Amino acid sequence: MIIVLRPGAKTTEKKHIIKKMKEMGFQTMVSEGLERTIIGLIGEEDLLRTLPIEAMPGVERVMQVLKPYKLVSREFKPADTVVKAGNVRIGGKKIVVAAGPCAVEDKDSLLHIGKEVKKAGAVILRGGAFKPRSSPYAFQGLGEEGLKYLQYVREKTGLLVVSEVMDTRDVALVEDYVDIIQIGARNMQNFNLLKEVGLAKKPILLKRGLMATVKEFLMSAEYILSQGNFNVILCERGIRTFEDSTRNTLDVSAIPVIKSLSHLPVIVDPSHAAGKWEYVSALSKAAVAAGADGLIVEVHHKPEDAMSDGEQSLLPKTFSAMMKELKPIAVAIKRTI
Amino acid sequence: MIIVLRPGAKTTEKKHIIKKMKEMGFQTMVSEGLERTIIGLIGEEDLLRTLPIEAMPGVERVMQVLKPYKLVSREFKPADTVVKAGNVRIGGKKIVVAAGPCAVEDKDSLLHIGKEVKKAGAVILRGGAFKPRSSPYAFQGLGEEGLKYLQYVREKTGLLVVSEVMDTRDVALVEDYVDIIQIGARNMQNFNLLKEVGLAKKPILLKRGLMATVKEFLMSAEYILSQGNFNVILCERGIRTFEDSTRNTLDVSAIPVIKSLSHLPVIVDPSHAAGKWEYVSALSKAAVAAGADGLIVEVHHKPEDAMSDGEQSLLPKTFSAMMKELKPIAVAIKRTI
Amino acid sequence: MIIVLRPGAKTTEKKHIIKKMKEMGFQTMVSEGLERTIIGLIGEEDLLRTLPIEAMPGVERVMQVLKPYKLVSREFKPADTVVKAGNVRIGGKKIVVAAGPCAVEDKDSLLHIGKEVKKAGAVILRGGAFKPRSSPYAFQGLGEEGLKYLQYVREKTGLLVVSEVMDTRDVALVEDYVDIIQIGARNMQNFNLLKEVGLAKKPILLKRGLMATVKEFLMSAEYILSQGNFNVILCERGIRTFEDSTRNTLDVSAIPVIKSLSHLPVIVDPSHAAGKWEYVSALSKAAVAAGADGLIVEVHHKPEDAMSDGEQSLLPKTFSAMMKELKPIAVAIKRTI
Amino acid sequence: MIIVLRPGAKTTEKKHIIKKMKEMGFQTMVSEGLERTIIGLIGEEDLLRTLPIEAMPGVERVMQVLKPYKLVSREFKPADTVVKAGNVRIGGKKIVVAAGPCAVEDKDSLLHIGKEVKKAGAVILRGGAFKPRSSPYAFQGLGEEGLKYLQYVREKTGLLVVSEVMDTRDVALVEDYVDIIQIGARNMQNFNLLKEVGLAKKPILLKRGLMATVKEFLMSAEYILSQGNFNVILCERGIRTFEDSTRNTLDVSAIPVIKSLSHLPVIVDPSHAAGKWEYVSALSKAAVAAGADGLIVEVHHKPEDAMSDGEQSLLPKTFSAMMKELKPIAVAIKRTI
């Protein structure tokens, strides 16, 4: 960590800072520049981060040299993490596709969709039983009933299932029913929930908050790993920007950025990013070409009747066509799908 | 609600939409323009909002005429809501100031700060017992111990206390100790938590999420009101933008915007918006002049030793000087502070 | 266009609006909803757009049904535009690659880079002679001397050249030397410059402003077309967001969005979007897979000595390796590169 | 400037960097931390900034210690700059108000508006003769004719006039007619235009770009000062964010931020920030309370007939009422208006 002093910082201020840092056990290196004095600190940067050094008299700015996360970083674990869920491996050569409706609505249509997406090549069924909705008057999901339907389709089709948990009190319940527990974008910084799923035995699919930096995204993953659960799958799903022709802006760069910073697998949700089904195929291709380890796609057989996000759902036949188009792209980058 | 059809929409598509809308109980008005056909719908827009009409074949776009919230709107309740907490009224002529440390650290310093801010004119003590921190390794707050210290200072000084709850499981506990329950920015769309505090008997201070539009902010308040708790205080605390010279960008316009849309009181947190104590005074003046009903300010007697957000904390004497400068501004707009 | 009245709008206000609209030659359709009155207008929406209808007493909101651009729209010209520059066609089956240094520095290194990028498969040489730099003290480009070097390398290699013009006074000069005239991101809304190049005979490469929506981007292209120059190539180069791990955020969705709204070809600049050479390859693959008609990539043989943007420049050998990797992706989507 | 090396940087890489820096005349200080090596550089940071050090092998990141601007900085000139235009001083104790229509439309209405705003306390008349419009089909301004009307009203009322220039070719013309030359938000990084007005003898009103950081804003001002024109007035006018209830988001914090970084006066345009006249008064009060040196406000006697931006224009009587309300706020902060 580096402390930059204000132009007119007093000698007493400088001495006070150095004394304080030494008391904390840090080695200091002072460099008197032409216009500024800077103090370099050597020691445990994590400890330093907890101190409001910028509040010290004479300090203009503090610059951090190291990254604020540890367990999720490539430096901590250079090799790619491959998350295992049932017989599925996420983060390996094969690109993994999850598909299904935004919300679980009823048993029959879920089974119908499940069969269709499996036929097209999906290996995981997605479907919300607990739904975060911005309006209290919108459909909030079927709750445990929905989880039961997911389990039912899981047994009938052999697909794994992923579903979201929104409340610390529901973690044990959801874990009982699903193969992968999802933390939604709006809960990416619900730190109590992160800690709770950090104690779960199932893998976690962590969605990026729509206004979270990659750094904050990795910090939220660090919460989960810090509790002992290393099976975390990161999911880029679009960030909020000024552009309004899509629901969110898919940050496709986050794929190579995260790959360089972290060992965790990264998948992409093109449906929530686009908000319109017409663009889902192009975004899926972009994600695969950029190195994503998987996709999570909304598919519904009657989007106009869907109880949530029908605008962005693909029809099974459109999904199937897209899967066919993705195959040669996967091959082109020496992977499979 | 208005449905705009695509340029080449087929007659069968148009008929299908009209039929479907009539089945739902809506009256339709078709207008054939030079380049587009539009269908106006008359009926309960809330119901329409739950349907993915954009997924219907032939539809280009859906435009909503009404606002998606009800109980929080000025139209529902034209007169300003004045929230009562103990002997304090928030939303009346007097501008209410809450002040205190970011996190509760120990009993003595809390009492010291409490006495100082009271002397300067604050009527509410702020202080976090449960702290949302982006790093799992940062100080997470004292928990119930911190709540006890708040209660202690409350008894000694007569200040009311406000503190944050982060977990649905802690709502009853926090409600026992505080006068006003705070929902932090990161939990603004933690819908289960919103529902839970909607059942509490104490007033709620709801902070705007750093990625939330005013509309979404009001929708989150609607969650609380929809459960029966109408005592909600809205708090603007800065939004995330590309500008990095401040921690967040204070959206001062949100004050008149919310005042025009809603009857709920609006206060401002200049400390989290600025992220640097030097700017807190200017932002506080701006907030008061723009019509805010209150302020919530971080004050710490030793910011450089604070366990959280020391950079943005005012010293008691700086806070006191600011309060003196705010008085004539309050008078200038025919209020008191 | 649709006018939504305020809840308590007076009858006199409503009548005034209708009268005014009829005077302007519009047909009006009034629909009295449960909570709002809306007035639909039929007629030339372009004319309506020039009126500040929201300033009329009683009006709450105005909603536009049609798009504000015409010549650039798919509805005006359903077939893809293929821009011809020399023997190169942009917007056809073959994906076109432009490459070269950020700024033209000297004749020999430009020739060296030109030969290298040509060998790797580029057909256009990029290089700035006039450089927009945020600091007045940074290298501002060689001006006409730089244009001469570009022409020299053009003759030696057979590559076409593209270079930026920043000033209306320089348009004729730049047009003399280059095959494609570039308008940089910072000048996307320099409307006088747009008009000036709209009168030029050479094709225009228009870069998206880092703060521009797709709609505004298309409006700026409309400026050029409205002057008679229909040979416009649109270039997505990243937008400004809160994310800071990349220089800008590549809006890969803009490719399918623009393709659906406009007939103009779209290329991508992965170098300025990423700001770091490490991510250029992944972004290029994403762009090609998502349907881009071309790429414009920074290549420099000695990036650490480059006079501008060396951080984001590929070495010729890295560029060559990337081109090899792009080939099978182009084939996978039934194109060539 | 500080260079942070990658974790596994080789000794040869480190030596290469140090050698290169020494050749450039810099003194280097190497600090071997637990996880990273950092190299501090002492010397002319301006020179360093022009080098792409991040492109050097082994470098992870470069951190700048100093600010990239000089002439505009408080360190260069600690005392506030007071810009003189005619008999008006901007940046002194008196808060200066400019008001008038968005666009100059005709002589009589301009005179009418001029008289009204003068009566209410404005000392400068604003009005666009050259209008930057996102659509080529929108009213583009009256050009020189509009400038003549401004001059006419100037003579009749004694108001000073400010008007925008958009093209390097028009600078001399506009300078002939106006007292203050305006550079609009869309041209904030039109560097050729900045250089041209840097050679003018009249003061420059520089508007912040809607997606410009404060740092970039100051860099653009630096362009003007670097050409010899030190009479620059900075104007905050709202930045682009995700919030859409206002046209832009007024960054009120920019006032104290700029005041701390620069000696130049800062004024605020509440009309373009809000985009709706209802919010202009609240934003004006906030700006004055936060320390702005002036306001530039849109006023039109018939907003619904205005040829540009009528939605955000105040009626003369509303403007007059606002001016009355601003007076006690100015007094409260020990200034006048």
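Order of writing sets the labels: A, B, C and D. Residues in every chain begin at 1.
By our rule, a residue touches a chain if its C-beta (ideal position, glycine included) is under 8 Å from a C-beta of that chain, and two chains touch if they have at least 3 such contacts.
These figures come from a predicted structure and were not determined experimentally.
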So which chain is the furthest away from chain B, centre to centre on CA atoms? C
Winner on C-beta contact pairs when A-B is weighed against A-D: A-B
Distance between the CA centroids of chain A and chain C (whole Å) is 31
Just how far, in Å, is the C-alpha centre of chain B from the one of chain A? 26
Mind checking the centre-to-centre distance between chain A and chain D? Centres are C-alpha means, answer in whole Å. 38
Counting only residues that touch at least 2 other chains, which ones in chain C make the list? 211, 240-242, 244
Which label fits the chain touch graph of this model best, line, ring, star, complete or other? complete
Under the touch definition given earlier, write down the residues of chain C that touch chain D in their complex. 46, 49-57, 68-69, 132-139, 166-169, 186-187, 189-192, 195, 209-211, 216, 219-220, 222-223, 226, 240, 276-277, 303-311, 313
Help me check something: in the complex, which residues belonging to chain A touch chain D? 2, 4, 7, 29, 31-36, 38, 40, 42-45, 63, 65-66, 75, 211, 240-242, 244
Looking at the complex, which residues from chain B come into contact with chain D? 211, 213-215, 239, 241-246, 249-257, 260-261, 273-274, 278-279, 282-283, 285-291, 325, 328-329, 331-333
